[in-house]
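Mind having a look at this structure? Questions to follow.
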Amino acid sequence: MPRLIDYVEAGPEVRAVFDEIKAARGVADVNNFWKALAVDPATLRRTWESLRQVMAPGALDPLVKEMLYLAASMAAGCAYCSASHAAAARAKGMTDVQYGELLAIIGMAAETNRLAEALRVPVDAAFD
Amino acid sequence: MPRLIDYVEAGPEVRAVFDEIKAARGVADVNNFWKALAVDPATLRRTWESLRQVMAPGALDPLVKEMLYLAASMAAGCAYCSASHAAAARAKGMTDVQYGELLAIIGMAAETNRLAEALRVPVDAAFD
Amino acid sequence: MPRLIDYVEAGPEVRAVFDEIKAARGVADVNNFWKALAVDPATLRRTWESLRQVMAPGALDPLVKEMLYLAASMAAGCAYCSASHAAAARAKGMTDVQYGELLAIIGMAAETNRLAEALRVPVDAAFD
Amino acid sequence: MPRLIDYVEAGPEVRAVFDEIKAARGVADVNNFWKALAVDPATLRRTWESLRQVMAPGALDPLVKEMLYLAASMAAGCAYCSASHAAAARAKGMTDVQYGELLAIIGMAAETNRLAEALRVPVDAAFD
Amino acid sequence: MPRLIDYVEAGPEVRAVFDEIKAARGVADVNNFWKALAVDPATLRRTWESLRQVMAPGALDPLVKEMLYLAASMAAGCAYCSASHAAAARAKGMTDVQYGELLAIIGMAAETNRLAEALRVPVDAAFD
Amino acid sequence: MPRLIDYVEAGPEVRAVFDEIKAARGVADVNNFWKALAVDPATLRRTWESLRQVMAPGALDPLVKEMLYLAASMAAGCAYCSASHAAAARAKGMTDVQYGELLAIIGMAAETNRLAEALRVPVDAAFD
């Protein structure tokens, strides 16, 4: 079992980040990802601040942003991230049918990505 | 240079798929991906039909579907697919600002995906 | 352009490996892979000897071995290796139809691999 | 624990696919992969039909096809798929010695794939 | 050819980051990576600041940090990053022999990583 | 549970390698990786000998070598290898602060690797 740092055993730098996450998300405790990242307080701080900036309201809808994060995580084969961002997307309103369509895209993208690379397809001039 | 099969040298099975792609997309010629895939007419046919089914109108907006495909392709490190689906997303209305936000998500997801796996973070019970 | 070491500029350790490769394969010159690997003579030597051992005649047919190497290279997204092992498989008798079937498997495996990981499917007890 | 849909709780579309899989393979129940994929009946249906088409008898021996699928799955780092296709290959006659040779190829391919990419080896003109 | 934004065509936010990079590194122009990232000024700014923080003097020697970045980039199969961080490591004193040893480690890690995953090796209790 | 071969059930070829590993490392038993690899004695023997050669004293410090192996394993997303090489690096003196800096580099490299590939950044002429 990898090391997870709980609030009670955390130092002040880690607690400060945990407090910000809990406040921003309205949750009683942070996810395991943050407890694991707390082994390096500087990385914990930087990652949280970057994530908050990247996922802040912008030109894309919050649910779309979350689904893009989920798609990237699934394509990268990260089981933890696929589970956590699927949960986050559901919390933001993703329906079962939307999830099914996203899954179908992940599968097709994996297939065509691999074939395009295996065949060394040259980029069409029209794409740029 | 890998082998690309142009319409003029293609057999009837390949031409039939090329014709469907050109009609469905309203383009004069198919992209290099399809010309490369034409080395195996059965895979060309199946891939095109699967793609059409997966990308058909559904619960998700067509632009969102295209951006999810782009996100998965970028996360998988497929240069050709990143270029082709970025072009397709632009054609469906993706703005420069939206593209920038997507890029930021791809970068952050890569970072947190890798850290979650490196630290072997156990999936939170609340995710399921 | 990355550094490639040709026979004429190579030292005796590198030349010895190049000579073995040329003799074993009956070719006039080694592929670019070996010229690039020659930047580290010890890695060149160890890699060549390991490869020769792994690809030696055994319980699997030489063409099957070459196609397995090609499948692994395509699945790993290595463009150079996909090109070199496709050429080697053709030289060992792979037909266009067999290549098409291999391509189809690569595509399907990419799709089901990704979905199995995205869905965190637990391994069936019957598999072990 | 991710969601798995058993036959008894499945709707008619899912049951129809499960019945086809059980009949085609002569098994009493489907593997967890299919139970997980059942969250999206359309993807379940399309994936099963594509897989059946790709793995149908052809120019390559059925065991060779299964070993190619296994090689691609191992190279892609999919633990579930490595376990399921190893079991399938054994059921089709793969011996321990053949499995050992396949493993050796997977390892060597991973090493040479990575080095070829790290060194950005240009594709030899002779490969095309 | 992907879009690269040169200093002369860049807006003030991008120019400010380019100026910081040039000053910090004592170079006349920034690398293509930064010119490509400039399509999204916010991502350019955040990435540069994060990189500067991560690569700042610390408990690890600067050359070791650069070699770790190179190792991660090679293992991830990023050709551009492998080239840029190899150049950076050389500039910080990496010798040809050290580079050869790093390459050998990359190759071996790729092989054992893939085998450990293919065989689903359970983590030893002693590791935690 | 995958198959692990313990010393008591191993044949003479496997026992010989296990004995060498135990002697070289001064441990009472080998890690699960070697017990899993023992399904193919030839691969076990070759992998151990290659690893010993690659990790032998050289121009790079033993701890640096171990950290490079760890970085490559983390970047490749191998959970087992990340755990085993983190334990090995700790045994060779890696401190918590050094580990934190390594983690930060892994995260940043993942982010910039992915962005460089997604944007298809051309290699700067100055890198070669």
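Labels for the chains are A, B, C, D, E and F, by order of writing; each one numbers its residues from 1.
Operating definition for what follows: contacts are C-beta pairs under 8 Å (C-beta built on N, C-alpha and C of every residue); 3 or more make two chains touch, one makes a residue touch a chain.
Values in this document were obtained by computation on a predicted structure and should not be read as measured data.
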*Neighbouring chains shared between chain A and chain D, ordered by label*: B, C, E, F
*Out of curiosity, which chains are bumping into both chain C and chain F?*
A, B, D, E
*Look at the interfaces A-B and D-F and say which one is made up of more C-beta pairs in contact.*
A-B
*What pair in C-E, C-F or D-E shares over half of its contact pairs, by residue number, with A-D?*
C-E
*Measure off the straight-line distance from the CA centroid of chain A to the CA centroid of chain E, and report it in whole Å.*
22
_Centre-to-centre distance between chain F and chain A (centres being mean Cα positions), rounded to whole Å_ = 27
*Could you say which residues in chain A touch two or more other chains, in rising order?*
1-2, 39, 42-43, 46-47, 50, 54, 74-79, 83, 101, 103-104, 106-108, 110-115, 117, 119-120, 123, 128
*asked:* Testing understanding: with touching defined as stated, what is the shape of the graph linking the protein chains, line, ring, star, complete or other?
replied: complete
_Residues on chain E engaged by chain F in the complex (per definition of touch)_ = 1-2, 4, 31-33, 36-37, 39, 43, 47, 50-51, 54-55, 58-60, 64-65, 67-69, 71-76, 78-81, 83-84, 86-87, 95, 97-98, 101-102, 104-117, 119-124, 126-128
*asked:* So in the complex, the part of chain E that touches chain C is made up of which residues?
replied: 77, 83, 96, 99-101, 103-104, 107, 120
_Parts of chain F lying in touch with chain D, wherever the complex brings them together_ = 2, 39-43, 46-47, 76-78, 123
_List of chain C residues in touch with chain F within their complex_ = 1-3, 42, 46, 50, 53-54, 128
*Going by the contact rule at the top, pick out the chain B residues touching chain F in the complex.*
74-75, 77, 79, 82-83, 103, 106-108, 110-115, 117-120
